[in-house]
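Each structure below appears as structure tokens.
Each of the next two complexes has chain A plus one other chain: chain B in the first, chain C in the second.
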Partner chain A sequence: MSNVPADLRFMKSHEWARLEADGTITIGISDHAQQALGDLVFVEAPEPGRRVNAGEACAVVESVKAASDVYSPVSGEVVAANADLGGQPELINQDPYGAGWIMRVRPDDKAQFASMLDAAAYSAALAAETH
Partner chain B sequence: MALRTPLYETHVAAGARTVDFGGWDMPVNYGSQIEEHHAVRRDAGMFDVSHMCVVDLRGDRVRDYLRHLLANDVSKLTQQGKALYSCMLRQDGGVIDDLIVYCMNDQWYRMVVNAGTRDKDLAWLRQVAGGFGVAVEPRTDLAMIAVQGPNARAKAASVMDAAVAPRALEIGAFFGLDAGSLFIARTGYTGEDGFEIMLHSDQVVAFWNRLREAGVAPCGLGARDTLRLEAGMNLYGNDMDETTTPLESGLGWTVAWEPQDRDFIGRAALVAQKARGDTRKLVGLLVEDRAVLRSHQKVIVAAVGEGEVTSGTFSPTLQRSIGFARVPAATGDRCEVEIRGKLVAARIVRPPFVRHGKVAVAL
Partner chain C sequence: MPFIPHTDSDVRAMLDAIGAPDTDALFEEIPANLRAPGLPGIPVAMNEMEVGRLLMGLAARDGRPLNFIGAGAYEHHIPAAVWSIVTRGEFYSAYTPYQAEASQGTLQLLYEYQTMMASLTGLDISNASLYDGASGLAEACLMAVRANRKSKSQRILLPVALNPTYRDVAQVIAGNQNLAFELLPYDAKSGQTLVAALEKYTGQDITAVVLQQPNFFGTLEDVDAVTDWAHANNALMIGVVNPTSLAVLKPPGQWGQLGADIAVGDGQPLGVPLSSGGPYFGFMATRTEHVRQMPGRIIGRTLDLDGKPGFSLTLQAREQHIRRSKATSNICTNQGLLVTAATIYMSLLGPHGLAQVAATSMQRTQQLVDALTRIPGVRLAFDAPRFHEAVLLLDRPVAPVLEALARRGVIGGVDISARYPSLGHALLTCATETRTLADIDTYARALGEALRNAAAAA
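Up next, the complex of A and B:
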């Protein structure tokens, strides 16, 4: 069973997002996604300063099995990328909602965050996907 | 519904993620594929390979049959128990399957073929057998466990009967031993020492559990693939199939040309291909950038032509991406691979990439 923290928002494509106190949004991939991908071997995160659009592929996570795009749930400016993933991509496997975060975006419009799936809706989507 | 081996419930109880492989529901990993890979390189790991098809071939003329059927020559098997790796070819030289055959005695050989090719293999074996009076008997009653790694033989012997264990430890490389309830072969698909052990399906769960208690790590097909790629071993369906010959699949070494009067199926086609001289070749690739080779990616060889990646992965031992590609004959020591829309430089190297736990290519 995969872990779906109640305080996060999600995309159907298995990204999670957290609204930080400073108004930025931290983005990563869900526990379900890291389990399905298997051991991560490379992460390609966007450069800080880059503009991203909601739904745009802006990072790549590559596992022993396959490469997958990571989509931004919001439009805005990338303000940080997790530099630790360069040497330790396995942080995503070990701690997908913590040390395995991928990037931080300052959103143009916080309403895009509010419109993401909540934990209950994401859990329901996962259940539907596996049945 | 997918086929399941007698160990399926054991795998699920151990937390395996399963995947379809050749119609079988098989464990891909039990948590971390990379940890399972390292367990085999550094200690001992085990794979359920019961999906593979064991076939016993019996008859007075079974040796003549196999000398006609296979591109390699079983007359090399002059000692009881000795094993031979070979391709089985169509008349046009295409590879029907790759297999291992053991000489049990003059009138009995044992073959192990791939799971995904089982039905067409059996049909072909039977079709050719008619002319030689050979009986083709698939051993669906047998299961198989591969125990691989530097400590694999010692750990496996520790769970065998006291009468069998010392004999098992004396088995030479690429030999099998018929030890009553166990058939123990010193073969494998990882580039490490170890055994492949066949036993009755009723006994396999207990034997697997004893191996586990002896410290042998269960490993899935994910690790099996990264290990075989590092070891420079082909995978049927990826690196060769009915549309390619052994000569363009890095398997020319398995074709026994001598004696010249041995009439094996596919010989004429291989001779003609060799005479044409422009045969594509299967090479090893090593990528220096942070990108991973995957099968079917396009390979570009400047001023020569194009090819295709047949297998690719991230090598846990090298911490680089490695793979095989089929490229034009004139390809030198560099190429580029189109990976997710970008051209990535790759070096052409001679497999194996890793042998007995040690890196075997210049990084």
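Up next, the complex of A and C:
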């Protein structure tokens, strides 16, 4: 059973998001997603300063099995990317909700964050997916 | 590894297993009006003996002319051992293996090929080949768009002195993916791409700059200046190179201060016969930092569970069987058979032998130019240093002169007047190490006579 922290929001495509005190949103992939992908070997994060739209593919996580897109849950500007993943993509496997964060976006409209799935809804979506 | 098609009983057993009456039933979802009713214009099947006779007859019509055409494909001596080894059953499949790791010998050969090409281009890593040089350039342009994350424009600068066929193919393949190509002119006196023409793009968003070395005219370009301009303007540098020339010229990995980012070209000069235009193969090499954006197959060396060395496909997650529509390419394959020939060719010649081929070809072309430009009505178009090809300007239209030469058994070169009208009556000609001084003399006498006859008839 994968870990779904109660204080985060999620997308059906298995991204998580956290609203930071400074108004930015930190984005990564869920514990379920990292388990499904297996050992990650490469992460391509977006360049800070890039404009992204909600639902736009803006990062790629590559495991030995597949290369998958990571979608932004909100429209806005990328303000940071996790540089540690360049040398240590396995941080996503080890700590998907902490040291394995992928990027930080300053949202144009925080309502897009509020409309994401909460932990209970994401857990229900995961349960439905496995049945 | 045997590649044996299914027998009738295999097919019957498979159809029975899925409950289909015959193979036609498998295509029922394609509407009848979209199906080809057969192949009109294709003659009835012939047996091996009949086909052999037909093809020998067609080949005999070519005769054995003396060939002075280059323009992208070059007649070099191929040691007899090359194709005797290539046609061994163990190697004789034109295609990339599907159960790749079961074919360790094939993978080892491809790995050796990649190592040789990386060494020849001076770059970190080579893929296992592409279709040909022209589609390789299109792939390099698409790769540059993915790899250059500082650029959003998808604008790529192409020299007019680039092989025009490559320009056409790049436009067809990449132009439909919203890449915009802009042309860099060449200097009318030297035949080199004008470095000064880059100035108007300084400070603009340019994704990549392409330079061919030697260029289509055989002229050597100022690769250092163009590469440094590209990097100073956040553009990637793509080098289109002749692999033979790399034995004597500075490899793309050493162009300018940082080196080119991607090198592509046609591998035909490395042991592949002209064969009336193909099949050939393309090569591509790049720096490690761009490897995940490189299309095509890459073979890696690894250790198995028992610690023994072995070879496997690597970085496959970028490829079309896994990444589908978002793969690095959906139009590429490798050219296993031709790469096998190239690998054996390079291993038989070695770096010194390849350098001798290059140096002798340069010398023969110089001798050809000297002999032909002594003829009244023939002069050299460009004065910059060249490799093994040159543009000559005639005092009258080129096509009838080439026809007159052909009647004397000499294929004199390519009439490039239509592609480069500002040059006038322009003939692109080439001599490799396979042309002797006697061959050059034959050409010179035939050309002198053809021009005298044409002048007399006029």
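Definition applied: the second predicted complex is superposed on the first by the 131 of 131 C-alpha atoms of A that agree within 3 Å, B and C clash if a C-alpha of one lies under 4 Å from a C-alpha of the other, contacts with A are read in each partner's own complex, and residues count from 1 in each chain.
Rule of thumb we're sticking to: contacts are C-beta pairs under 8 Å (C-beta built on N, C-alpha and C of every residue); 3 or more make two chains touch, one makes a residue touch a chain.
None of these values were measured; they are calculated from a predicted model.
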Touched partner set for A:E47, first chain B, second chain C, both or neither: second
Contacts of A:E20 with chain B and chain C, given as first, second, both or neither: neither
Partner chain in contact with A:A66 - chain B first, chain C second, else both or neither: both
Chain B and chain C footprints on chain A, overlapping residues: 41-42, 44, 62, 64-67
Chain C-facing residues of chain A, complex: 41-42, 44, 47, 62-67, 69
Contact set on chain C toward chain A in their complex: 149-150, 292, 317-318, 322-323, 326
Contact footprint of chain A on chain B as seen in their complex: 17, 28-29, 32-34, 222, 226, 290-292, 294, 313-314, 316, 340
Chain A residues touching chain B - in the complex, by the definition given at the top: 35, 38-39, 41-42, 44, 60, 62, 64-67, 90, 93
